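Below is one structure, written out as C-alpha cells; the observations come after it.
Every chain is named by a letter (A, B, C, D and E) in the order it is written, and numbering of its residues begins at 1.
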Amino acid sequence: MEPLKNIESLAYFSPEILLVVFAAAVIISDLIVKNRESNIVAYISLVGLGCSLVAILVTNSFINSNEPISLFFGMIRLDGFAVFFKILLLLATAATILFSLRSEELDVRLKGEYYALLLAVTFGMFLMASSTNLLMIFISLETVSLTSYILAGFLTHSPRSSEAAFKYITYGAVASGTMLFGLSMLFGMAGTGDLMQISSQVAAVLDSGGVSTLTVLIAITFILAGIGYKIASVPFHMWSPDVYEGAPIPITAFLSVASKAAGFALFLRFFHVGFGKPEILQSIDWGLLLAIVSALTMTVGNLAALPQQNVKRLLAYSSIAHGGYLLMGAVLLTTEGLGAIFFYLIVYLFMNLGAFYVVVLVANEAGTEMIDGYRGLATRAPFVACAMAIFLFSLTGIPPLAGFFGKWVLFYAVIGEGLYWLAFIGLLNSVVSLYYYARIVKAMYLESTEDTDSFSFPTSTIALLSVFVVPTILIGFLPIFYTLSEKIILQ
Amino acid sequence: MSLQHYLVISSILFSLGIFAVLTRKNAISILMGIELILNSCNLNFVAFSRFITPAESIVGSEVFRFDGQIIAIFGIVLAAAEAAVFLAIILAIYREFGSIRPDEVDTLKG
Amino acid sequence: MEFTLKTFIFYGFALSTIASALAVVTVRNIVHAAFALMVTLFGVAGLYVFLQADFLAATQVIVYVGGILVLILFGVMMTSGRLEMRIHIERGQLLLGAGISFALLMLLLTVIANTPIWKNLTDDGTPLSPTTERIGQLILNEKFLLPFEVVSVLLLVALIGAALISRKEVRE
Amino acid sequence: MVVSLISIILLAPLASFAIFALLGLAKRNFPRQDYLSTFAMLVALGCSLYLIQEVVSDPKPLTVEWLSLGSVTFSMGFYLDSVTVIMLIVVTLVSSLVHIFSIGYMHGDPRYPRFFAFLSLFSFSMLFLVVSDNLLGIYIGWELVGLCSYLLIGFWFEKDSAANACKKAFLTTRVGDVGMFIGMMMLFAEFKTLSLYGDNGIFDAVTTLESGQIAGLSIAGILIFCGAVGKSAQVPLHTWLPDAMEGPTPVSALIHAATMVAAGVYLVARMFPILTPTSSLVIAYVGGITALVAATIAIVRFDIKRVLAYSTVSQLGYMMLAIGAGSYVAGLFHLTTHAFFKALLFLGSGSVIHAFHAMHAHHDDEHTDDAEHEHDDHSLVHEHGSEIPPDQDMRNMGGLRKKMPWTFGTMLVATLSISGVPFVFSGFWSKDKILAGVLGRAMEWNSVHHYILFSMALIAAGITAFYMFRLIFMTFFGEPRNQEMHNMAHESPWVMTVPLIILAALSFPIVNTGWFNKDYVKPPEQHHVSAPQHAYVSPDTKTADANFGFSLFGTSEAEAAEEDGGNGTTYTDDAHYAVHKLAHNIAMVLSICVAGLGILLSWMFYQRRTFSAEGVATTFRPVYNLFWNKYYFDEFYDGVLVALTVWKSRLFAKFDLSFIDGIVNGVGKVTRDIFAAFIGFFDNRVVDGLVNRVAEVTWAAGGRIRKIQTGAIQTYLFVVLGGIVLIILIFRLF
Amino acid sequence: MLLSLMIFVPLFGMIVVLLLPRESEELIKRTTLAFTLVPLVLAVVLFVSYDRSSAGTQYFVNVPWIDAFNINYYIGIDGLSVTLLLLTALLGPICVLASWRNIEKGLKAYMALFLLLETGMLGFFAALDLFLFFVFFELTLLPMYFLIGVWGGPRREYAAIKFFLYTLFGSVLMLVAMIAVYLNSNVINGVAEGARTFDIPTLITLAGTTGHALADSTFQMWVFIGFFIGFAVKVPIFPFHTWLPDAHVEAPTAISVILAGVLLKMGTYGIVRVNMAMFPEGLDFFTNGAGFWGNSLALLGFINIVYGSFCALAQTDFKKLVAYSSIGHMGFVILGLAAGNSAGINGAILQMFNHGVISAMLFLLVGVLYDRAHHREINGFGGIATKMPVYTGITTLAFMASLGLPGLSGFVGEALSLLGAFQEFELITILSTIGIVVGAAYFLWTLQRVFLGQLNPKYEDLPEINRREIMTLVPLGILTIVLGIWPNFALDMFSESVTNLVNALNGI
C-alpha cells in the first residue's frame, strides 16, 4: 500500500495528536488552576491517556492485519506491532501518573510541567514504536531522551536527581551521537532513509560487493549504541543504575518499563525490518552478537544487583537483567522470539511497576529506599508486603506467577533455536536473581524491627496495588497472551 | 573533492569529539565534544545525499539530494535543544556540587 | 583532480576545521576552546557550501555560531569564574581516550577506503534547484512535515525543561 | 481345619498383645494381662498338640498370594510337617510354662502387664517363623523375634547394662540377618521366588541346578547360615547372647535358651535341601568352634546365668555341627531336648535368683547406681556392667539344695541330661546321635574334616559335663558362702516350681523322643551333596538301629529304601551300613567316657576340692585369661568395629561439611583468584547469610561489577565506546 | 472432576482462610482442617474406586489451556499417582493437627500457605501434562520457602533460602530439558510435522517410536540428565542433598512432615513418571550401559544409602538424624528404580509411600518431644521411657518401621528394592545392605540414648503425649502396620502400571 500523504495520515495519527493536545492542555490548565495542591492536571493527563487509548483502539480497527498503513510519506507506520507497544506504553504512563500522585518526592508546584513532560515523553515513545524512517527514528529517540533527562533531573532540590540528569544526558548525548553517525553511514550505504527500503538496498550492495561487511558492522554497532542505551544492555547499561537511583521513583519505574519497552520496539523494528534479511544476517553472526550481549547483560545485571542495599538501585540492576532476558528473545528474531518478548513485556510491565509502586509507598511511609526499611513490613503492612513478595518472585520467575510464564516463553524461544547455552545462562541467572529478590522478601517477612506500628494505606492505594498484583498472578494462566505474536505481525 | 574527502573530515571530527568526551575534565568541554560529533554526522548526511546514487523512491530521486540537508537541519535543531538542556543541567549541577568536573559528580555509584 | 582555487579553498576549510577541532579538544582555556569551536563550525559551514547546501550553511552559522556557541559561553561564565582548566588529567585516561578515539578513526578510515560505492564519486558541481524553496516545501508540505512538527514539540519540551531545571527559585 | 488351628495358634498370642497395645494407646491396661497371655499360650499349646496327627494330611494347608508384582509373586503360607509340629509344640509348651513361671517370678514388677504382652508377641513371632513355608515369612518372623528379644532384654531399660545389651543383641543379630538377606536375594535372583516348597519352590528348583551353579548355591547357603550365626549366637556373632542375660530370667529361658536362639538351627534345618558340601562343612565348623569356644568360656564364669548362656551357645554350636555334618534328625532332636532342659536350667536359676532376690527389690539398682550417667558416645555395642549382680553370682551361693529342694532336684535332672549321662536322660541320646552321625560320616567318607569335628564335639561334651556340674556343685552343694543371703533364700512358690517339674519330666527320653520315631521325622534330600565314592545316604537313616534296644529313632533299612526309593540311591551297601553301626558304637562309648570324666573332674574341683580351681587358673594364667575374657571378642568389636563405624560416620559427617562445601569452596576460591588477578580488585570480604560459597563467589563477582560502576560518567563512556570498539574488533576477527 | 475438585479445594480453602478475620484462630484452624479433610475423603474415594485391574489412566480431565503451546490442563491418575495422592491427602489434616498449638505467630498466613502447598502437591501428582506438571512442581516452592523461613527455627532464613536456591537450580535444568522435549516432540526422521505436545502419555509413546527425535538415545541421555538433576535435588540425591538437613532442622514440625513425607516423593515420582517412562534409552544408558555409567544410577542409590546412614549415625540432633535417615531411605528408592525390574520398581514405589508415612511419623514424634523439652539434643535426654511409655511405644514402632523391621511397612519396600536391585547390580546391592545395619544402629542408639537408661532428672515432669498428638500418629501407625502385613493394599494399586513400565523398559 502506498504511504499516505500528510493530511490523509492525520486520522491515523490521532492518538499522538491527542497526547500533544492534552500536554498543552495540562500546561494551560496549570496556569489557570491556582490551587497547588490540586491534582487536576494529573487527572487531565489521565483523561488524555484515556482518549489516546480510545483513539488507538479505533485506529487499530482500521488496520488490516496483513497490510500495515504507512503514514506521512513512510515516516511512520501503523501496524499491530505499533498498537501493541502504544497500549503498553500508555499503561505504563498511566501507572506512572498514578504513582506520582502518591509520591511525596515531587514538587507540588511543578505539577503542570511534570505531567506535560510525561505526556510528551509518551508521545515520543509512540513515535519510537512506529518510526520507519531513519530521521524519524532519531528524532523520536531524541524526544524521548531529552524529556527523560529532564524528568530524571526533575527534583531540583535533590543533588542525586541533578546528578542523575547530568549522567543521563552526557551518556545519552554521546550514545545518540554515535548512533546518528551510524545512521548516516547506513544512509550512505542504502541511499535512502526509509527503513523499508534499507534492508533490500543494503543487501544488494553487500551482495554486489559495494560495501564490506565491516562497514555494515560498524554502522550497526554504532546504531546499537543508541538503541542499547535505551534498553540498557551491556556495555551500554552503565547509566541506568545511577539514573534510576537518582531519579524520582515514579520516573525510575517509568524508565525501567516504558523507556525499555520503547527501546525494544525500536530495536525490534529496526533489526527485524531493517536487518531481518537473511543475507545481512549472514554477513555477520548477528545472532551470536546479540546472544553474547544478552548473556552479558543479564549476568552483569544480576551479579551487580546482589550486593545492593538500596532497593531502587537493586531494581535498576534487576531491570538491566530483565533487559538481558528480553534480548534473548530477540537473538534470532524468530516469531517465537518476538511473541516471547511481547508476552514478557506485558508481564514485566505489571510486576516491575508493581514493585516500584511498593517502593514508592515504602519510601513515603518509612522514608527510606534501603532494604533495612523493609524490615517487618509483613506485619506493618501485610498486603503491601505480600504484593511485593509476589512481584519479586514473579521477577525471579517462580511458578505460578506470571514471571515464570514470561521466562518460559523466552527460554522456549531460545532453546527452539538450539541456543542451549544461552538458555542455561539465563536460567542460572534467574537462580542468582532469586538471591537478591529474596533478600527483600527476607527483610519483609523473616526480620523484624523495633518500629512496629503498622502503615495504613487508603483503599485507593490498595486497589491500585491490586491492579498490579492480579495480572502478575493471572496472566500466565490466560491463553490469549501466548498468541500475541500471531496477532502482531511485524513486517 | 570526492565523497571520501568529506568522509575523512567527518571521521576526524567524530574521533576528536569522542576524544573530548572521554578526556575533558569540564562538563562544558564534553558538550563541545558532543557538538563535534553531531557536526560530523551532519556533514556525513549532507555529503552522502550529495554523492550517493539514491535508491528507488516513491517520491523521486531528486528529493534525496535534499534529504541529507534536511536531516542535517534537524540535526542542528536537535543539537541546539540538547545543548540547552545540557547547559541547564550543568547549571543545576554547579548549584548542587559547586563544580562541573564530571568526576566530582559521583555520589551515585556501586 | 587538478589543483584549482576551489580545491585550495576546500582544503583551507578542511584544514581549518580539523585544526580548530583539535584545538577544541586540547586547549586548556575553555573560552579559547569555545572560540576554536566557532572556527570549526564555520569550517563545517564552508564545507556545506561546497556541497551545494547553502541554506544549511546559513543555518549552521546562525544556529550554531549564533545560538549554541553563545549559550555555551553563557554556561562557561555562569558556572566558573576561572577560565583556565588547570585540572590534572590522568595520563591513563588520556591514553585510553586517545586510544579509543584513534581506534575508531582507524576503523572509519578503513571503511571509507574500502567501500567501493563511496569511492571515486566526485562532485559534478551541478547546483541544486533553489534549495531554500525546495527545503521549505519538503519540510512544510511534503515528506518532512511530521519530523518538523515533532521537532517543534521537542523544542517546546527542551524549553520547558531547560527553564525548569535551571530555575533557581525553586529551591526554598 | 488345619488352617484354622494354625491360625488360632498364631492369633491367640497376637490378640493378647494387640489388646495390650490398643489399650496402651488409651493409657490403660487390661486388668489381667498375665492370665490373658497365659491363656492364649495354653490355647496355642492345645492346638499344637492336636496338630500332631494332622501332619500327614497336607503339608501345605494354606498359600496366599501376598504380593504380586506382575511376573513375580510372593506368597505366604503355612508348611506343616513333622518338624513344624515338633517346633510348635516345643515353642508353645516352653512358652506356656515360662508364662506360668513368670506369674510368680515377675510379680510386683511395675511393668508386669507389659512383660506378658511382650511374651505374647514373641510367641506369635516365633510361631509365625515356624509355620512359614517361605523364606520371606521366615525372615519376617525372624526379625520379629529379634524385636521381641530386644524389647525383653531391655525390659529393665533403666539399667544401662540392659539398655546396652538389648541394643547389642539387635545389632549383632542384624549383621547376621543382612547376610541372610543377601542369601535370600541370591536365591531370589536365581529362582525368582522365595517359596521353599511346592512345584516352583526353591527346593524344587534347586534340583535342576547344573554343577557349575553349585558354587553360587554354596555361597547362598552360607549367607543364609549367617542369619543363623547371628540369631543362634554362633562364633563370631555370639557375644550378644551372654549379655542378653540382662533380661528377666524367664525371657532368658524362653527366648535365649529354648526357642529364638534355636530358630537358627531350625532355619538351617529348613534349608537343608540347598546345602552343599562346602556350605555344610562351613556350618559344621562354625558349629564345632562355637561349641568348643563357648564351653571353655563357660568354665570360668561365676554368674549363674552367664554360665548357662555360654552353655546355650555351646549347645547351639553342637546342633549346627550336627546339621552341617548331615545329621539332620540328630540336630533337631538335640534342639528339642535342649529346649526343655535348658529352659529348665534357666528357670531353675531364675528360681534361685528369685530366692535371693527377696532382699533386693527388682529395681534397687544396686549395681547400676554406680553406673555412669553420662552416655558414652562411642559405645554402640559396648557392654557396660561386666560386674556380676550379687543375686546371680555363684560365689554367693552354695548349699541351696536343702533350702530349695524342688529347684535343686529339677535342675539336677537337667544337668544330668545336658551332661550326657547315659540312657535315662534325653540329652544323652540326642548328643550321642550327633556324635555318632559325625563320626559315621567321618569314617564313611574318610574325611579328616569330620574327624576333627568329631573330636571338637567330643571335647565340648566333656567340658559341658564339667562346667554344668561345677554350677550344680557351687550352687547347691557345699556350705553357703554368703550366709546373709542364704538365710533369706527360700523355695519358690508353686507357680514357679510346677513348670520346673514339668520340664524336668520332659528331660526323660521316654517323654519326648517319641516324636523322632521312624515315621515322624525324615531328613529331606540334599541334591548337591554327593559322597566321594557312593551315593548320598543320610547318616541318620543308616545308623538307625544301632540304638541299644531303643528303636525309637530307627528306620529299618528296608523301610528307608522304600521311602526314599525314588531318587535312585542304593541302600543296600552293607559295608557302608556297617561303618555307621561301628561309628555309633564308638561314639557312644567315647561320649559316656568324656561325660564321666567331666563330671568326675568337676566333682574333684568343686566338691572334693582335690584340685584348686584357683591354682589351676594361676598355673595356666594365659589360658585362663583367654577364657575369662571370652577370647576378647567384645574387646575386638568394641575396639575395632565400633571405632571404625563411629569414625567412619564422623568422617562422613565431616565430609558433608567440609568436602562438599569444600569443593564448592575450592571452585569458588579458584574462580575468585582468577577474578582477582584479572580485575585487580582485592578480595571483598563477604557478608553474612550466604547460601554457600558459590553464592559467595557470585556475590564477589557482583561486588566487582559494582566497582566498575565508579560513579564517574567518563568511566561509563569509556565502557560504551570501548565496548563498541571491542565488539567491532571481535567480530572483525571472526 | 473429582480429581480437579480434590486439587483445588485447598486452594479455595486458602482464599476462604484469607478472608477470615485474623483474630479468630480457632475458626481458622478448623476451617483449614475441614479443607484438608475434603481432599482426604476424595483421595480415599479415588483410592477405592480406582480400577486396579487396568493400569491405564483414570479419571482424566483434558481441557485445552494454552493453545499456543498446546498446553492442556490434563490430569489423571494411575496407580502410582493415586497412591501418592492418598499419602499427600492423608498428611494434610495430620499436619494441620500437628500445627494446632505450636504456631505462635501469623497463624492465618501459615494455614493459607499450607493449603496452597497442598494444592501444589496434589496437582503435581495428578498432572499429566508436562508443563502443568512443572508448574505444580514449582508451585510448592513458594509456600515452602515461607513456611520454613517465617515459622522455622533459629537459622530459618539460611535454611529457607538454601532450600529455595537448590530446588530452583534443579528445576532450571529441568525446564531446559522440558523445552527440549517439547521442541522435539513433533520431529520424526528429522522432519518436523504436526503439533508439538506436552502430553505425557503421548510423549511416552513417541519416545518409543523408532525414528522419532525423542527416541534418539543421545537426546534421551541428555534430557534424562536434565530432568534427573531437577528431581535429584528434590529427592535429594547425593551430592545435592545438603539442603535437606538444614531445611528439616529449621522447619516447623508439620512442615518437616510434609517435606519428608511428600516433597521428597515428588522427586522420585518425577523420576518414575518422566525419566523412566519417557526416556527408556536414557535410563538404559545409566542402568545398563557399559562401564561406569551403566552403574551410575545404582551407585547413586548406594551412596545415598550408605552416606545418609552414616551421617545419621554421627548426628546428635534428633531431627537431623531423622533427616539424614531420609536421605538413606530415599537411596533405597533410587536403587530399586535403577534395577528397572518389577520387584525393584514396585519396591521403590512402595518404599516411597512407606517412607512418606514413616518419616512423617518420625518427624511428628520429634516434634512432640521438642514441644515438651524445647531442644532436640539426643544426648540431653535419657530414660524418658519411664515418663512417656505410650510415646516410647509409638516411637519404637516408628523406629522399627523405619529401620526395616519385617512385619512393618518399611521392610517390604526396602526388601523389594533390594531384591530387584540384586538381580542387576549384585555388588552394589550387597554393599548397600550395610545401610540396613547402620540404619538399625542409629535408631537403636537413639532409642537408647533418649528413652532408655536412667531418667534424666531434668525431665521428671515430662507430660505424656496427649490425645491430639496421638490422633496425628495413629493413622500413620496403622498404615505402617497394615502395609507391613498386607502390602498389596497399596501395591495392588500400582503393580499393573509398573508392569507396563517394566515391559516398556524391556521392550527396548
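The criterion applied here is as follows: a residue touches a chain if its C-beta (ideal position, glycine included) is under 8 Å from a C-beta of that chain, and two chains touch if they have at least 3 such contacts.
Please read these numbers as outputs of a predicted model, since none were measured by experiment.
Under the contact definition stated at the top, the chains bordering both chain D and chain E are A.
Think of each touching pair as a link: the shortest run of links from chain A to chain B has 1 of them. Hopping across touching chains, the smallest step count from chain B to chain C is 1. Put simply, the chain closest to the centre of the protein, by Cα centroids, is E. When the C-beta contacts at A-E and at B-D are tallied, the pair with the greater total is A-E.
Distance between chain centres (mean CA atoms), chain B to chain D: 96 Å. With each centre defined as the average position of its C-alpha atoms, the distance from chain C to chain D rounds to 102 Å.
Distance from the chain A centre to the chain C centre is 31 Å, each centre being the mean of its Cα atoms. One inter-chain figure worth recording: chain A and chain D are separated by 77 Å, centre to centre, where each centre is the mean of the chain's CA atoms. For chain C, the set of residues touching two or more other chains reads 93, 96-97, 100-101, 104, 107-108, 117-118, 142-144, 147, 151, 154, 158, 161-162, 164-165, 171.
Across the assembly, chain D contributes 691, 695, 706, 709, 711, 713-714, 717-718, 721-722, 724, 728 as residues in contact with two or more other chains. Each of residues 14, 17-18, 21-23, 27, 31, 47, 52-53, 59, 68, 70, 74, 78, 81-82, 85, 89-90, 92, 95, 102, 105-110 in chain B touches at least two other chains. Here the chains touching each other pair up as A-B, A-C, A-D, A-E, B-C, B-D, C-D, D-E.
Those residues of chain C that touch chain D in the shared complex are 93, 96-97, 100-101, 103-104, 107. Interface of chain E with chain A (complex): residues 64-69, 106, 109, 134-135, 137-139, 141-142, 145-146, 149-150, 156-157, 160-161, 164-165, 168-169, 172-173, 175-176, 179-180, 182-183. Across the interface of their complex, chain E is touched by residues 339, 378, 382, 393, 396, 398-400, 404, 408, 411-412, 415-416, 420, 423-424, 427-428, 430-431, 434-435, 438, 442, 445-447, 477, 479, 482-483, 486 of chain A. Every residue of chain D that touches chain C in the complex is listed here, in rising order: 714, 718, 721-722, 724-725, 728-729. By the touch criterion stated above, chain C contacts chain A in their complex at residues 107-108, 110-111, 114-118, 141-147, 150-151, 153-154, 156-158, 160-162, 164-165, 167, 170-172.
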